[in-house]
Amino acid sequence: MGFKKVVFLLAVLLTFQLAEAQSRRIIAIPDINGYKTLKCDFHMHTVFSDGTVWPTVRVEEAWAEGLDAISITDHIEYRPHSKDVVADHNRSFEIASPLARQLDILLVRGAEITRSMPPGHLNALFISNANLLEREDVNDAIKEARDQGAFLLWNHPGWKAQQPDTTLWFEEHTYLLNNNMLHGIEVYNASEYYPEAIDWANEKKLTMFANSDVHGPMDVNDGHRPLTLVFAKSRTEGGIKEALFSGRTAVYFNNTLMGKSALLEPLFFSSLKYSDAPLRLTNGTSKVVNITNNSDVDYELVLVQPGVGLDAPESLTLKAHHVTPLNLNGNSEEIAKTGEINLYYSVKNMFTASDENLIVTLSFKNL
Amino acid sequence: MGFKKVVFLLAVLLTFQLAEAQSRRIIAIPDINGYKTLKCDFHMHTVFSDGTVWPTVRVEEAWAEGLDAISITDHIEYRPHSKDVVADHNRSFEIASPLARQLDILLVRGAEITRSMPPGHLNALFISNANLLEREDVNDAIKEARDQGAFLLWNHPGWKAQQPDTTLWFEEHTYLLNNNMLHGIEVYNASEYYPEAIDWANEKKLTMFANSDVHGPMDVNDGHRPLTLVFAKSRTEGGIKEALFSGRTAVYFNNTLMGKSALLEPLFFSSLKYSDAPLRLTNGTSKVVNITNNSDVDYELVLVQPGVGLDAPESLTLKAHHVTPLNLNGNSEEIAKTGEINLYYSVKNMFTASDENLIVTLSFKNL
Amino acid sequence: MGFKKVVFLLAVLLTFQLAEAQSRRIIAIPDINGYKTLKCDFHMHTVFSDGTVWPTVRVEEAWAEGLDAISITDHIEYRPHSKDVVADHNRSFEIASPLARQLDILLVRGAEITRSMPPGHLNALFISNANLLEREDVNDAIKEARDQGAFLLWNHPGWKAQQPDTTLWFEEHTYLLNNNMLHGIEVYNASEYYPEAIDWANEKKLTMFANSDVHGPMDVNDGHRPLTLVFAKSRTEGGIKEALFSGRTAVYFNNTLMGKSALLEPLFFSSLKYSDAPLRLTNGTSKVVNITNNSDVDYELVLVQPGVGLDAPESLTLKAHHVTPLNLNGNSEEIAKTGEINLYYSVKNMFTASDENLIVTLSFKNL
Amino acid sequence: MGFKKVVFLLAVLLTFQLAEAQSRRIIAIPDINGYKTLKCDFHMHTVFSDGTVWPTVRVEEAWAEGLDAISITDHIEYRPHSKDVVADHNRSFEIASPLARQLDILLVRGAEITRSMPPGHLNALFISNANLLEREDVNDAIKEARDQGAFLLWNHPGWKAQQPDTTLWFEEHTYLLNNNMLHGIEVYNASEYYPEAIDWANEKKLTMFANSDVHGPMDVNDGHRPLTLVFAKSRTEGGIKEALFSGRTAVYFNNTLMGKSALLEPLFFSSLKYSDAPLRLTNGTSKVVNITNNSDVDYELVLVQPGVGLDAPESLTLKAHHVTPLNLNGNSEEIAKTGEINLYYSVKNMFTASDENLIVTLSFKNL
């Protein structure tokens, strides 16, 4: 038997070895307002830049963790393995693409334009040809991406290696913003949070991101990687693109959610289920509302103003996938005549700005 | 300030300390056939017999673990703490009752008639007065329970301390059965499984139970205690009683389910969700059905006969709260003309008899 | 067979059921300075006051968790179960005592004198007769304890139910202190930390405690209960008593240690193991010291002043039961001539006062 | 600033990103008989054959998991990524080597000769040049390895893809064995156990291995990867080579140990610590020996013959890093005169042959 034939047979045999049974986690974050809530990570690397895994690993990880969409964003300008890994800038996408289709992971073609600050590193998403981004002048590279229809986001704006002490908005970023060359910003990268970024996002209408920027194998332990939640009209690449350009995202890391209150508030309430039967609370009696939290998020509530005519708990954690009783005690004669009871809670792990928590109103019919 | 008044104030103060925020787990086992699937444990002890916890602890544990109903079944004949704990046989129920009402745990009044074998130990559930069960003759005690309308079950029929080598059905049990004095049997107790019991249950129309028989604090770690699943018309004490007398239970321990196929089969299928779109499988192509298992049970499937015209996996674990892909590959020209694809799997952790697994048919439209 | 005989046989049989195999955790906190480091909890309740477990449960829990000594400190003045549990104040100790001896848990006889603030609640340890502490006047009760040779500690000085907004030292406490009626104070109770208490302990020479004050079954999950570490000349009741009166304790809760630096510093260094071979660090080279942490504590270090002639990590976590590399880089020509390298780190989870962390010096021979 | 210079600066900056603080697990398996017990894995792949990680990942994983030595054994004949990854057969070793030196992981140069059965796949360890193993005839390849001084082991002898129903020893293997071309065999690979292999190892003096054969990122969850324990005179590559050629290994997977009793027995006893004080057991009394298990292995013991003059537990689990009490009860007058008590236990998770457990004798002085 010739050597070639042996090798062919081996290839057949070895595929058996790889076909191991597996299953996919479910990330329980609800859909809202008629949008699909897609769990996405738009920043990661492979051996085709300075990462240490093959592109298919990124798809397998995303599938196992329950993600909907990823983008492999290998550096254009930094390829330390190029002595051994010889391929152009589109190759990691091409390798990962068939597996992504098979596993129904949306794979967005992307690349990281990797320069010193300013403007720092930018991810170009939804490009058609990464090779054309290899340009000496950074603005030429960004323009090329823009002209390919790319969505451009500023990565880790406060990354200590580039900005040791501060997170600064440079004139260059204003230039990019004014020329349709900057559409989004990372509020969270890997394990770093940039408070300035969420406020810039609000002020300058930039779309917010939380991405893993993972280089080695993903290690999520019992938690979850940083995720960009995309509120899309459909679970398609087009749906994601439209949502990103429309600013409909929230960031999700370490049991914390950040974004616009118009998105966070329905996310909070869609996570919960409780009876809407009237409480009929009266002075001196107590009632319990059992709140079921079907999401993965532990919501941490702190009362922002005392209840009128009743005592409500000053703090309350609505634990993920648990039922938490809310105990209400009538403390005045007025309560028996109140038609609707409103409780105002600040959600300590939901932020609408760097110094602003989401305030939610828990409303219960009383009569 | 007098001593009495101090004590009164302390009582008020100390209740604050006990009011700690908590939350309740959700046991994800679906409702079936229009019945509520209630998670129940009908065998446990307190300091009022030979247990080591106060009756309220049993209610708190049940609430935290997500149970619907329990019965405290203190021994009538064995009360080693009686020097210090001075009360009648109804007292543990009375103490636990207000908290059960408050936390919406159904508390069934019960007691354990505790004799040497035969007939061994029997739990009497739904009794009205446990004190009347204190009789010298065991049959008098059981008759009293029956006449109170009790459901009677034989506990741990193969308990090694009473039956070191065997699990035996005695004439006494036939007598009880024939005189409406025996209605159910424990198939599982604490950490012991009795294969004979499931077969007797099938043969003699006894209702099957899995109970914790817990004496100390319940320790469930990451798992769950042994549970009797009751398929009830309503989540009420009456609903449970009707279901028990009608034999509508399944036993659930260590990721294993046992019961009648008419109950286990819908339990299996109600746990799962997958698309019913036609597969359109053809020779040489492959299709994936993504099966979402929304229950707490990992279902372990083994193919019992090869697919006709297609290859299906020989074994497959449908992991709890995960999505598992079922990969099907067409291997004959006939498959393209097959209107419905049926796959026959044995569920290795679902039993209908001591030596019989539940067989399920996974059906998919193909055209 | 008579009823009595049946019951006797049952008692024999049932003991089998209770004899389940178990094993005991090891709390890895090292001995120091020739003292045994005993892991102790001196505050807990049973059904004999307002707890909900039988006294033996406290011994079993302590054994399973790896503790050396406990004290059951049922309230003298507050016994809500007294209608059913009829016994004097020494009874919980008497019941727990044989099992403690069998399992080699040191059981200190104690009681909680339970009054409104001031002086609040005090635990009396090493008493000889708890019944004599039932006195109308609080000072009479405390004096009785003192005269029995008791060690007296002030429990939860900032407990919100008694001191809603503040933690205050009252004149009454000065009186107790001056009359040998107060020797220690809880710095941590259940899940509350009192910063004032550690500073009072330092200032007034009070012994520091962290206790569980557990009422229901102990639930430690993956962590550990609050512990008072006692540095004793011997693992005996006398050894503990001498250490408490000498102030040789540290408190340990949530991966945090508090105490005198003379005790915390050896605790830190006895937890670690690393080579004492000379580093021979020179300019432009780097050396690694592998530090093995054999304790249960994750030590979190922050550099308090830059290394001289070398770069050392600004922060470093010495993870429990792991080896952590300390990377040192020479950055000046001087370093090659330096005989000893000293690095000054603040240990963020070790406190010597409410606002002072332990500072440790990591010393390495260089030549 | 030129493009080259930008790239250089980026390289500097990006290394910061990779320098994340980490720590290394400790695998607690004791040294025995004056040998170091080295934790090794001699079978794994990278992108340089059909793996999906960069070679440095294998070193990082080994370091984090607490291993001492690994061998990267990329296939000679099967390199599906060769279109993109262009390098010779020594390249994965060369890339991993500097990091291995820095992290003090012993990296053995190896390769997998990958042929159809017989002889199947063989790992060649301690080779000097993998490129020379690329030969059309399998025996030429193996001879080349032998002549480079290689240790040769037969991988996954019962791998289902090659041997669907059986595990067979072929004439070819006898030829290899007789010509110094076969020295070891995998008893365990990835998640498969081959009972035939342990018996062949005993019969034909082959060294036993358990290896991971990992292709993607290593995922050990809370457990450990399959390991070959090497009992070496020194923690050096030479030490390992001498031990392998001398047959001093044991295999360790899923809390199971296999090997020669001369190695397993001291491994068992070196894991344990208990007092050697005389028991002074007499008729009708009971004594407890507290056994501390300082290893990672839960040892599961079953009594193989009744104690003489005493009752000892029929089964006992010595839980890892816990203290387990062994309860002994004197049951005859003779026991008081017995100088030494010997208990014979079978260790259910230690095997010396496919159907033989290690038997250990627990000896205690009695007088």
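Order of writing sets the chain letters: A, B, C and D. Residues in each chain are counted from 1.
To be clear about the criterion, contacts are C-beta pairs under 8 Å (C-beta built on N, C-alpha and C of every residue); 3 or more make two chains touch, one makes a residue touch a chain.
Not measured: the values here are computed from a predicted model.
Enquirer: State which chains count as neighbours of chain C and simultaneously of chain D.
Expert: none
Enquirer: Taking each chain's centre as the mean of its CA atoms, how far is chain A from chain D in angstrom?
Expert: From the centre of chain A to the centre of chain D is 41 Å.
Enquirer: Could you list the positions in chain B whose residues touch two or more of the other chains?
Expert: In chain B, no residue touches at least two other chains, as defined above.
Enquirer: Per the touch rule above, enumerate the chain pairs that touch, sorted by label.
Expert: Applying the touch criterion to every chain pair yields A-B, A-D, B-C, C-D.
Enquirer: Touching residues of chain A toward chain D in the complex: what are they?
Expert: Contact set of chain A toward chain D: 1-3, 6-7, 9-11, 13-14, 16-18, 47-48, 50-54, 56-57, 60, 75, 77-78, 80-81, 84-87, 91, 95, 114-116, 136, 159-162, 215-218.
Enquirer: Using the touch definition up top, name the residues of chain D that touch chain C in the complex.
Expert: The contact residues of chain D facing chain C are 21-26, 66, 102, 104, 288, 290, 292, 313, 315-319, 321-325.
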